[in-house]
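Just so it is clear, A, B and C label the chains in written order, and each chain counts residues from 1 on its own.
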Amino acid sequence: MAEAGRIRAAAPPRPAVSPVTLLRISIILVVLVAWELLARSGWLYRDVVPSLLAIGTAVWKLLSNSEFYWHLGVTAGEVGTGLAIGGTSGLVAGLLLGANRMLSKSFEPYLYYLGPTPKIIFFPVMIMWFGVGPGSKVAMGAISCFFPIALSTAAGMRQIDKVLIRVGRSFRANAWQMTSKIYLPAMRHPIINGVRLGLGVAIIGTLLAETKLSNRGIGFLVIQAYSLFDMPRMYAMLIVLFCLAIGANALVGRLGGLHTIRRT
Amino acid sequence: MTAAVRERGVPVALGLGTFVAFIVGVELLIRVGVINRFIVPMPTQILASFERVIVEEDILGRFRLTFFEAFTAGAMIAVVGTAIGILLYRITLLRQATETWVAALASAPTVLMYPLFLVIFGRSAWTIIMMGFVAGLPPVILKTIEGLSGTRAVLINVGRSLKLTSPQMFIKILFPSALPTIFVGLRLGLIFTLINVVGVEFLINFGGLGQLINDLAERYDLPGTYAAICFVILVSVVFFMITERVERWLRPVE
Amino acid sequence: MVTATSTVRAGEAPAARPVEPILVVDDVSKRFETPDGILVAVDHVSFDVAPGEFLAVIGPSGCGKSTLFNVIGGLIDSYEGRITVAGQKVAGPHPSIGMVFQEESTFPWRTVIENVAFPLEITGVAKAQRREQARHFINLVGLDGFENRYPAELSGGMRQRVSMARTLASVPKIMLMDEPFAALDEQTRLLLGDKVLQIQQDLKQTTLLITHNITEAVQLADRILVMTYRPGKLKRMVEIKLPRPRSSEIVSSEAFGRYVAQIWSDLREEASRGMLDDESHLRDAGGPKA
C-alpha cells in the first residue's frame, strides 16, 4: 500500500468554495457592474451598451417567442444538413487520402493550403449555383466543414498503428470490413475532434451566410435586429447563440469522451 | 530519372495534372452547353478578366488596405496576446480561473458579432481590425501560456544556480525558451485574423479584397467575381506558406 | 529440398512412408528498391515444414527474417520463387496460415472476447457461436475471467496471449509467429513458451517461429534454421533432439546448453558482420542509420 511507508500529515482544511470559483464569480461581477455603469453613464451613444435589465428582458422575450424557435430550427436544419454533406464527403476524402500515399502527396496539399481561406467569399458563387434559399446556406456549411474533417481524417488514417492493418489483412478482411472494423474504430479520436472543429466552422459558415442574404434563420434575426437598431435584442441573440454554440461543442466533446472513457 | 526525383515529381504532376484536366473539362462542358454559362463562366473568360480586374479595380490599393488591416490586427494580437499570456502565466490563480474561458472563446463563433462591432465602430476599417483582433487573440494567449509553462525544468535550474533575478530569469530564460511556441500561436492567430479580416470586408462591403468580391458579385460581373475569389485564395495561400516557412525557420530541430 | 543439410533425421529409423510437407518454401528471394540501390533481404531460401512440426528460424537483426515472415504470410505480394501450403500456391494471406505479430496488435477498442472473436466475425460466424468459440481459445491461453476486459487493463504478456488466442481462433493449419515474445521480459517469455508448446501439442499444430533468441528457439523447436546476415540465406539446419513433451525446465539441461553453444557459434559470425556493417554505415553517413 502506498501509505505504508509515509507519515500521514494532517490534511489542510478545505475551503467551502474553491478560490478559483470565487475569482471567477468576482470577475463576472466586476464585468457586469462595469457594464451597467457604462450603460447608465450615457458615454457611448444611446443603446450601444444597453442596461443589464434591458438585455435580460430581451433574452426573456426572445426565449418565450415561438418564432425564435422556428428560426432556430431553420438554422439547425441548415447546419445539420451542411455538416452531414460536408462531413461525409470529408470523411470519404480523408479515408482515400490517408490510405494511399500517392493520392495523399498529390492532392492533400491542395486541401491543406485551401483550408485556411475565408470560405464566406465563395458565397456569391453558392448563391448562383443553389439560389438564395436554404440551398446556398447548406452549401456554405458543407464547404466550411469539408476541409478540417478531410484533413483530420487523413492524418488520423496515417497515425493508425500499422500492425493493426496487418492483422486485418492477415485475416483476409475485405475492404468494407477493414474500413468498418479497423480503420474507423482506430481513428475515433481524430474523427471526433475533426467533427467538433467541423461543427464549429459549419455553424459559422451557415450563420454568416444567413446574415448576408436570407429571410430566415438566426443569422437573419441578428441582421434584422441590427437594421432596426434593436440593440438589446441583438445582444440577447448573440448571448443565446454563443451559449448554444459552446453547448453544442461541449456535447460533441462529451460524446467523444464517453466513447473513450472505457476503451483507451 | 532517379528514384528520388520520380518520387517528388509524380505527385506534383498528378495533382497539377488533375487540376488542369478538371479546368479543361469544365471549359468543354460549358462550351457544349451542359453547364449553364450564366452560372459558371468559362475558365478562359475568368482568366481574361484577371487583367481587367487587376488594372481597373486597383488591386494593388485594395491589397494594401487589406494588408494594413490584417497587419494592425496582427500587431495588436501579438502585443496584447503575449502580454495577457504572460500575465496569466505569472498569476496561477487567474490562469486557473480564466484559461478555459479563453479556450472556449477560441472555438466560439466570434465573427458573428460583426453587426455589433458595426454599431460600435461604424462601417470603417476599425470594425474589420477589431474583428480580426478578437478572432486571433485566443491562440496567442493560449500558446504563450503553453510556451512559458513548458520551459524545461533543467533550464530554470540553470538560472537558479546562477542566481538570476526574476526579471532576468524571464528575459534570458523563460521568454526565449517559449518563443518557438509563441510563434506557433502567433501564426495560428494571424491566420484566423486574416480569415476574419477578408470575411468581414466581404460581409460589410467595406475595405480591400473582401469588398472587391462583394462589389463584383453585386454588379453581376461573373468572370470578375470568380477572378477576384481566385486572387484572394492566392493571397491567402501565399500568406499561409510564408508564415509556415518562418515558423519552420524558427524551429529547425522539431 | 533443403539446400543446407539434409532433412533425413540421422540416427533414427527411416519413416514408414515419407510425410508430405505442409509448407514448402522453394527458392524464395525478395529484393527491395531503396534510394541507395537494390537491397536483397531474402536470398534463395528453400525449406520444407512437415505437419505438426515446430520450426524456428533464427538469425541476427537485419537478416531478413521478418521479410520472410511477411512473404510466407502473404503480406508481401511480389517475390521470386514459390511458396505452397498443402499444395496450394500462396498469393495473398492464405486461410490456412495464422499470423502472430511482434508488435502490440490487440485492438484497443475491443474487449478480450471481441478481439479473439474477430477472425470469426470476418468469416461471418453468428454472434452466439463465435463468442462460444472465442471463449474456448481464451481458456486455452489461460485468460478465462478476462473476457470483458479491455487490452489496456492487461499486462504485455497477457495482451500477447490475446493476440495468440485471436489467431488460434481462426483455426489455422500453420501458426506463423514473428518474435511474439520480443517485448516481454525473460521470465514471462519462458512461461509463455511453455504455454505455446502446450497449445501446439494439444492442437497438433504446425508452427513456424521467427526469433533472434537462441534460448527460445532451442526450448520450443524440433528444427532450427539458421540464417545469415543480409542478404538472408540459409546457413544451417539444426535438429533439436530434446525429449518431448518439453517444459521450461529443459533450459538447465546439458544437452540444451550444447545446442545453444552450437547455434551461437554460427550466429556470432553473422551477428558480428551485422555490427560491422552498421558501424561502417555510421562512419560513412556521419550519423546513425535511419
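One rule holds in what follows: a contact is a pair of C-beta atoms (placed from the backbone, for glycine too) under 8 Å apart; a residue touches a chain by one contact, two chains touch by 3 or more.
For clarity, every value in this text was computed on a predicted model and none was experimentally measured.
Engineer: Looking at mean CA positions, which chain is nearest the middle of everything shown?
Structural biologist: Per-chain C-alpha centroids ranked by distance to the global centroid put A first.
Engineer: Based on the averaged CA atom positions, which chain is farthest from chain A?
Structural biologist: Looking at centroid distances, C is the chain farthest away.
Engineer: Tell me, please, which two chains come out on top when C-beta pairs in contact are counted per chain pair.
Structural biologist: By contact count, the leading interface is A-B.
Engineer: How many Å are there between the centre of chain A and the centre of chain B, using C-alpha atoms for each centre?
Structural biologist: Distance between chain centres: 19 Å.
Engineer: Between chain A and chain C, what's the gap in Å when you average each chain's C-alpha atoms?
Structural biologist: Whole-Å distance between the two chain centres: 49.
Engineer: Can you give the whole-Å distance between the Cα centres of chain B and chain C?
Structural biologist: 53
Engineer: Inside the complex, what are the residues of chain A that reach chain B?
Structural biologist: 19-20, 23-24, 27, 44, 48, 102, 105-107, 109-110, 113-114, 116-118, 120-125, 128-129, 196, 200, 203-204, 207-208, 211-212, 219, 222-223, 225-226, 229, 231, 234-235, 238, 241-242, 245-246, 249
Engineer: Taking the touch rule as given, give the residues of chain C at its contact with chain A in the complex, in rising order.
Structural biologist: Listed in rising order, the residues of chain C that touch chain A are 73-75, 92-93, 95, 97-99, 101, 103-105, 107-110, 118-119, 121-122, 150, 152, 163, 166, 170.
Engineer: Can you check the complex and tell me which residues of chain A touch chain C?
Structural biologist: Of all residues in chain A, those touching chain C are 161, 163-164, 166-167, 169-173, 177, 181-182, 185-186, 188, 262-264.
Engineer: Give every residue of chain B touching chain A within the complex, in rising order.
Structural biologist: Result: residues 10-12, 14-15, 18-19, 39-40, 93-94, 96-98, 104, 107-109, 111-116, 118-120, 191, 194-196, 198-199, 202-203, 210, 213-214, 217, 222, 225-226, 229, 232-233, 236-237, 240-241 of chain B touch chain A.
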